[in-house]
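In the two complexes below, subunit A is the common chain; its partner is subunit B in one and subunit C in the other.
Now for the complex of A and B:
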């Protein structure tokens, strides 16, 4: 495991995502920080990708079903070299930008599927995993979904279809931070017992700390060895993880930092320690 | 070859296409039998992808397949696709311009007939007309459906093919290509008016044009087989030869053929337009022929509307 590299990478992604939202004047920092560690492990240590050839047919696919968290994904793609040098100004959410408010396939290199309309990542990932089987290719498909998002009915259509087709080349990571746009999952009538729900459809279940890089890596490796069923990795996450004033504060679901808040982050985010 | 109906024609064309193009797959929403595609599944079991009764999931699965290079055909009831899975068609297929083909059966009163309103779909074309990148084919019979399915893979992007349920009367001789111009003149009796029709009531419109001819009204009748065509120049040329046009479609008058022709006429050659179709009403159960008569598509009633149209502006 590339322990140190992944840690550095995750810190850098948080900083870049935060900067992106600050400079763009719009976006969702809390949801982005929640999955920073998952994205970091995937892009730095697990996924089979070629940033110089984003359309490589044999690459692993990733669908960010919770598309509003895209600043962290854009940051990862930028740091991995999809756009040559790291992007200086993302112009997130600004007119004519490459970096749209939600990910757009075909517009932003490295984005494998349009997303942002919640609930569709799992069934679309199911189609991608089916294509791999049809083509005898060994690429994997990863889907990152929110926990609130699981309230969408089409999620469970995908869960059922993937199990029916025994898609062991599909791994879903559930960002289980307990929050959604309007409040906590509990307050919103959210989805309880996520593990058993997936399990009852025939999925392999793993449950980990979504900020423990070693645990994320181990779970991803285990899912890669799974035979005959797709895997759901339920990741216990903290919304806004990485900045104390953002953690578990749902005001940061969608919020732009003030200058002071942005400056404060320089010291809080580990990025500072890596020669900003 | 003759077909029992549009669904059988679809299935034959799909099987032929899959034989020569390994990218083609069929995505089913428990619609294998409804689409008459059992033989396809037997011949290509690995290319038959069953999603169960889940249209949104099926369209999403098709988007994923297409994103990885397959050419999926999603075939099921027209409204379950275009209404229930409308957003999936728009956001995950049309927006990224993925190469997914849709075949919607039970279109119109004639397509849904005895099933009643839940299974009759007269909104599909209006919905899809407002979504960029989607090409809309409205074949008039089984032969044309076969040709439409074949023609659809020549387009690199989403195509919607409107199909029926076996009540379609044959109009076209086998082998007539699906008109790339988006229309075909089927009767050329004169310049009194242009009648534009589409879909499975075309036989009734032909009968009406023939009746009118005997009554001394000389109509030209065009089957409009592509809606919102991106290259409508030839159709505009045709419209410019007339000062009256009647549109007839087994669809709501808003959003389908009538709207398409109205737009072209308004923008290029303003003239009197009369639209026949469903006007602010749902259908009901009944035999296809009885329903078509009851909702205004008898040759006589079409003729009546033509007479009314001929009086306008005089």
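Now for the complex of A and C:
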């Protein structure tokens, strides 16, 4: 486990995503911070990728079903070298930008699948994983889905058929932070007992702290060894994790920091410690 | 033209078996309709290459398009009534916008769903998809054309939707006929009016042309099997050369072939137009012929529209 590297990487991603939203004047920092540690472990320590060859056919795939969290993914791709030097100004959500408010494959190198219409990541991941099996390819397909978007019916169509085809090359990470745009999942309803829902369809279930890098790595390794069924890793996450004033504050679902709030972040996410 | 019947249900199974034999990338998805669609034959021949997703059309479309990212050529089938209504978001996101491949087939469009009644008579499938980008919309009138279409979309990267009758239909084309994507076929030439038709309405148009011929009206008949992109050049030529157009489709006139043709006509060469198709109503139980008559889509109804549109030529009102 690249413990120290992953820690630095996660901090850097948070800082870059925050800066991206601040400079772009638009975006979703809370959802991005929620999955920062998952993205950091995947890209720094697990996924088989080649930043110089983003379309490499045998690479692992990541589908960010909750596309609005993309600043953290853009930051990861930039840090991994998909754009040569790290991107100085992403121009997130600005005119003519490469970095739209939701990911677009073909437009932004390193983006493995277009998203932005919630609920589609699992069906799409199921198709990619099925195609890999049929073509005897050994890449893995990872899907990061929000917990709120599990309200979409098509999610469960995908969950059902992925289990039927025993897609053990498919790993779904559920960003279980308990919030959606309009409020808490408890208020909206319908997304209780996520573990048993997936389990009842025949999925392997792992339930971890979504900010514990070692636990994320261990779960991903366990899912890679799983035979005969897809794996759902339910990740207990804190929306806005990493900045005390953002954590569990749903106002930060979509919000641009003020200059003071942006400056405050430098120390809080330990950006300076790593001389970034 | 040869007058013998041919079953589209037979064709789809045979044609996809041929394509799968020739190209190992071909993968077929269905949504619990392998018996109804004629794909049972394919499933028996290539059990590992037919993915029956069960009753979940939206997921099927998302999966199929995504599978193309890994290099397969995905065909997917459901009834036309469900292909667009249930799957438009997946067609948009996973196929069109992502610039992936999808060859979606919707069977039993419009009144050809016959005794299945209103729920299954998709009058709006093409209209729902007409507003998307990066998609080609097709409807064969004949088995030879349908076979060509399946091969052509297999060989052409991109997103295609083919709505097709599943039942028997007369034969229209000879086996060696050549077609081109985006180009309509002039089936017979004429001077006074053009009937631009598609699918089962092509036969009504040809029958109407005969009846009109007896009345001394010379009719051009076009099989416009590609609705999007519609053959702009041919539409303009027909408008200029015949001075009036009647469109005939087994679909809602508000969003279908007629509106696509009207868009070209209005923008390039305004001439009087009339429209045959389904207008402001749901389907109902009946034979295809019964429903065509009831919904004013039969040859007699086309004759009436032609007489009206000719009356409007030169600024005259009917």
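The rule is short, and it goes like this: the second predicted complex is superposed on the first by the 275 of 276 C-alpha atoms of A that agree within 3 Å, B and C clash if a C-alpha of one lies under 4 Å from a C-alpha of the other, contacts with A are read in each partner's own complex, and residues count from 1 in each chain.
Keep in mind that, in the parts below, a contact is a pair of C-beta atoms (placed from the backbone, for glycine too) under 8 Å apart; a residue touches a chain by one contact, two chains touch by 3 or more.
Small disclaimer: the values here were computed from a predicted structure and weren't measured.
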{"item": "Three-chain arrangement built on subunit A, subunit B and subunit C clash or fit", "value": "clash"}
{"item": "First (subunit B), second (subunit C), both or neither touched by A:84", "value": "neither"}
{"item": "Subunit B versus subunit C as contact partner of A:225, first or second or both or neither", "value": "neither"}
{"item": "Intersection of subunit A interface sets (partners subunit B, subunit C)", "value": "57, 61, 104-106, 112-114, 117, 120, 123-128, 130-132, 134-135, 153-154, 157-158, 160-161, 165"}
{"item": "For the subunit C and subunit A complex, residues of the former touching the latter", "value": "27, 48-49, 51, 53-54, 56, 58-59, 62-72, 89-90, 92-94, 97-99"}
{"item": "Residue ranges of subunit A touching subunit B (in the complex, touch as defined)", "value": "57, 61, 104-106, 112-114, 117, 120, 123-132, 134-135, 141, 153-154, 157-158, 160-161, 164-165"}
{"item": "Residues on subunit A engaged by subunit C in the complex (per definition of touch)", "value": "57, 61, 104-106, 112-117, 120, 123-128, 130-132, 134-135, 137, 153-154, 157-158, 160-161, 165"}
{"item": "Of all residues in subunit B, those that touch subunit A in their complex", "value": "25, 46-47, 49-52, 54, 56-57, 60-70, 72, 87-88, 91-92, 95-97"}
